[in-house]
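The first chain written gets the first letter, and so on, giving A, B and C; residue counts start at 1 in each chain.
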Amino acid sequence: MTELTQTLNKTMGLLKGLDQKDPLAIGQELHRFAGELYPICRSITGNGIRQTLVMIQKRIPLQTFEVPTGTAVFDWTVPKEWNIRDAYIKGPGGKKIVDFQKCNLHVLNYSTPVRATMPLSALKPHLFTIPEKPDWIPYRTSYYKEDWGFCLSHNQMLALQDGEYEVCIDSTLDQGHLTYGEYFLPGRSNDEVLISCHACHPSLANDNLSGLTVATFLAQLLSEKDCHYSYRFLFLPGTIGPITWLARNRDTARSIRHGLVLTCIGDKGQFHYKKSRQGNAEIDRIVSHLLRHLWESSEILEFSPYGYDERQYCSPGFNLPVGCLMRSVWGTFPEYHTSADDLNFIQPKQLAESLSLCAAIVDVLEQNRRYRNLNPFCEPQLGRRNLYRSTGGGAIEAEINARLWVLNLSDGEHSLLDIAERSGHSFSLINEAAQILREGGLLEIVPETGKETTRPQEESKAAHSCRD
Amino acid sequence: MTELTQTLNKTMGLLKGLDQKDPLAIGQELHRFAGELYPICRSITGNGIRQTLVMIQKRIPLQTFEVPTGTAVFDWTVPKEWNIRDAYIKGPGGKKIVDFQKCNLHVLNYSTPVRATMPLSALKPHLFTIPEKPDWIPYRTSYYKEDWGFCLSHNQMLALQDGEYEVCIDSTLDQGHLTYGEYFLPGRSNDEVLISCHACHPSLANDNLSGLTVATFLAQLLSEKDCHYSYRFLFLPGTIGPITWLARNRDTARSIRHGLVLTCIGDKGQFHYKKSRQGNAEIDRIVSHLLRHLWESSEILEFSPYGYDERQYCSPGFNLPVGCLMRSVWGTFPEYHTSADDLNFIQPKQLAESLSLCAAIVDVLEQNRRYRNLNPFCEPQLGRRNLYRSTGGGAIEAEINARLWVLNLSDGEHSLLDIAERSGHSFSLINEAAQILREGGLLEIVPETGKETTRPQEESKAAHSCRD
Amino acid sequence: MTELTQTLNKTMGLLKGLDQKDPLAIGQELHRFAGELYPICRSITGNGIRQTLVMIQKRIPLQTFEVPTGTAVFDWTVPKEWNIRDAYIKGPGGKKIVDFQKCNLHVLNYSTPVRATMPLSALKPHLFTIPEKPDWIPYRTSYYKEDWGFCLSHNQMLALQDGEYEVCIDSTLDQGHLTYGEYFLPGRSNDEVLISCHACHPSLANDNLSGLTVATFLAQLLSEKDCHYSYRFLFLPGTIGPITWLARNRDTARSIRHGLVLTCIGDKGQFHYKKSRQGNAEIDRIVSHLLRHLWESSEILEFSPYGYDERQYCSPGFNLPVGCLMRSVWGTFPEYHTSADDLNFIQPKQLAESLSLCAAIVDVLEQNRRYRNLNPFCEPQLGRRNLYRSTGGGAIEAEINARLWVLNLSDGEHSLLDIAERSGHSFSLINEAAQILREGGLLEIVPETGKETTRPQEESKAAHSCRD
């Protein structure tokens, strides 16, 4: 990992704050933050998500939005708000045998209120277990169909004796609001990068406290920089959240040039990146390039319309270039949507790596420009500029080779990523070569035209430039 | 095979007549029809092909055309008409040792008349055998060079004793006509689908009674439907037949949007499809898709200018999207052009499968439309329409997944075949999803523009619509 | 090899002079010429390259150019001219232990003059050896940084005793000229084919006497023909040579339609072809096609901006379709840039093969035209023209198949190379078919438009036509 970290650090011209820190310490800080968020009983509406956003606000100046129940959002309607104070099952002996206070997964999320006494046979249809994993509690929801229920381990259910059970779900399902958080970081350009993660799952760590914490830390790092792009971070309930945001921000959505959904990025699995519907968007090429160069094994998945919130961003009316970054793919690991997706399932090292990868992605986004060779006829004489041979060594040779590639392909058409892909060199090596050649007066940057608009000077932030 | 048949049946929305029958019974009926046609001594002109067309007319209202000898057709000329009553060789003992009445392959097809007595040494240059298959009689022709000859088994030839042989070929080669049959089924559109098969081979079953019978039955099935496309079936002599038809129908040929040459589709070999010269025509993609999804093994062959009548349809002046469907490829199996290509070499099961595949091809052609998602912004809420989750099970999951794909790619640009190919689902699953979504008011059909013209209402047939 | 030679000979419609000779004899003649050039101490300027060009002038009417020191050529400046009369090191005993007269590699190429006596310790920093190959003398240069030095075997250096050494380099580095040779063969068209090779290396055989000799002989062969293209041969110092030529011939460079850099083509390695920056230029496709069809093993390398003089021709301002033909790739074989790259390292057989390949490339360039089928509707009746079936045999079958391909794809769009690639046949078979069909009145040549201009008749040469 040392080598990887070094390579990563090298690429992070922008994220110097991260460069200078101990990756393990960052990982532990990420994990600690996940630990603070873990106990909260979140759902797609209600106080759980509100409380979560408040805790994120301690780190980044998140703006929160409350959208009333009943609001029409495209083909959907904002549902009633759900809140819960307590829930339990008391056995025939009067003892609490299932207790929401011990684990919020015990309640079928969005359960309607219930207070009743019933025989085991009447209770059983309301109990959910995982026979294949008899010690784990499943996570189940019923957002759009009113119902109530309890989730418990299969072994616990098998041990239930006949008799009368007292059932209590002290919840409310009423007119209220859907809550989401948004953090907008203006850059020099109006073109936007979207980072989106769902914040609706209760005590589940990988899905998606991992996404929430990494997104929060990434936002913190970016907030210290003066960037080319504007960045927009969204923390919202799954499905209904992005639908609501998109319905309220149709114009803004048109400025999104690149985007990532972050989910399940804290476990020990290798990275997986699911491409956007466009399939060859710049974000798709960037993440593929970095995974290929920085990790020994990773997997690029073709787009499919089933998944997390990229489903909405990639719907045909929007068709935004938004991919989904994961470690293990949701739905494919046994711990998914069970009590085993706990704080031990995510690890500091993996969280830190995910943050580093996100930082590297941002770096490439910020640095991927087109240049023009100012001496396009034959090679410029690098030797007299001290940019050619040195006393040898493999690494330096690659650096010189990278300079030749940048000069050869910088005809105003090829981006640095194009050059990296054609040459087989890493983006960071190519970018380094471009900066040296530019400093040497051999390259000029090609102004971007058409696709981006520039934000008026006064709005942009001071500090160090990401790009210059 | 049960599974295959089920899958096939599923796809055959149009060909309900076929759906409801027992495949083995259909196969036996096909084989029986081949058996009726088998004894006739066909050639590229003459009474054999006339008699064949009359027997096909008992099943479909085929129109026949007679083109006079000497008619110029592009670079060719319609040849003299050939007919034969009898032919034999009598040995030194006066006994018939080769007898046309027993097998019409015994005569070199298009032999000029002959009555002579000659020693074995003079006869031998006129005898054709297959040394590698000493019990089989070869099939040989001499259409464009006047000659006479006999075909016999190699063993029989080896057994010939020296002596005088009496040779008789009671044939005529005179001014006459070239005969072909055409069956045109008007659809709602003037755009045409061509099904072409050569009808000039004498007692050879796979090449091409298999093509003749399957084409005839397909025409019967289609005649009961109201189709989008117009269908044109041609039964004609090889090479000179399509050249003659194309020369007489240059304008009509411009309406052919898709086409298939059917040959050698009754034996036990796996399916082979040879692509059109265009290489990525809709017919090429459809047949490739179906073979990949419906058969465990099959092979797609690139276009080459050598072959059967696709040679003419795919000549550069026409460049029609016409491929060639085969089981074993002509010229590659030992029975090809020998007496071993008999009624045992083709089987009811294989004939029925070939008919089913043709039916499935027609179904995809008829159903492959583009749709537009009427809720393109974010996903529509399938749950409240009862189109999303059900109580589980793999098959249903695939159906829902297919719905998501159809909604996601139905932007008016992608056809259902495009969606099937990108999603990896079968066309039938994608089409089913599209129909359900359309019934649910979530999709509309995109009107086809430009490439097709619509036939005036009164010309089209009533009955049930293929497409609606 | 006999088969290869036969195939090659077949393709060489133009180069009949080569066809009729014994390949080994040609190889020996090439090797003899290399042997004559071998002893000369060449450098990027000076009398060594002048003397080399004079010897080439005995075979082809090369024009030489002298460009004064100090001339600005794009980002570079023509350097001072270097000449050397003698150089040696005398040991403590007064005996010459390193002697330029025995091997000109002993002197660091471009060494400044030196006459001095010094202890071993002072001499050592000026000595270059190859520790891994202790018996070989390395080849080193210092063109653009003034320095002096000696190259010797590692074993010889290890044997040096302490003591005083007398050092003499009797060289001059003064105002003078850069010399290069150019041979222009006008064709019927102003469109040009460039053959370029560097002529600056001293006693090194593969790099690049192999290129010089093959280019010279190719020019000789072409000078006897009347060609479609104009051919331009350049013999120049590496890097600064093509930069100088391009700076002085910017307009002419625009006429270069195809080009090859020839280097390291005399050793026993398999052929390697490095594609041009364009990557799919006609020259790239032609060389790839020929290597695939004519040699059992060879390798096509993607373009990279590091290499020999294709670096300059493929700089983005020119982006000429110039590839680089090699046997072993420079820099990858141990003998590269050492005294082991001597006359034994190149062989008559390999030199002759390289010349044959170059001839075959020229043949395809000259013959690769587009034709139009004059009977595009259906196939023409080849049989009545005696162009169809013959008495059989595999080779003839392929010839007929090639005719069908040419007829099918000759729609005015596909070149013969396109047809060869799609059909899988060799270019020579396809070209042969085209010529037969053309003679039969079935094809016409498509006039080339736009991309080429025709040279006024009187300028072109008489003799036999390459193309007609």
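As a working rule, a contact is a pair of C-beta atoms (placed from the backbone, for glycine too) under 8 Å apart; a residue touches a chain by one contact, two chains touch by 3 or more.
Please read all numbers here as calculations on a predicted model, not as lab measurements.
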| item | value |
| --- | --- |
| Residue-number overlap at the chain B/chain C interface, same or different (half cut) | different |
| Rotation angle superposing chain A onto its copy chain B by C-alpha atoms, nearest 5 degrees | 120 |
| Whole-Å separation of chain centres (CA-atom averages), chain B against chain C | 55 |
| Residues of chain B touching at least two other chains | none |
| Chain A residues within the chain B interface of the complex | 73-76, 144-145, 239, 242-243, 246-247, 250, 277, 304-306, 311-312, 314-319 |
| Chain B - residues contacting chain A, complex | 373, 375-381, 383-384, 401, 404-405, 407-411, 423 |
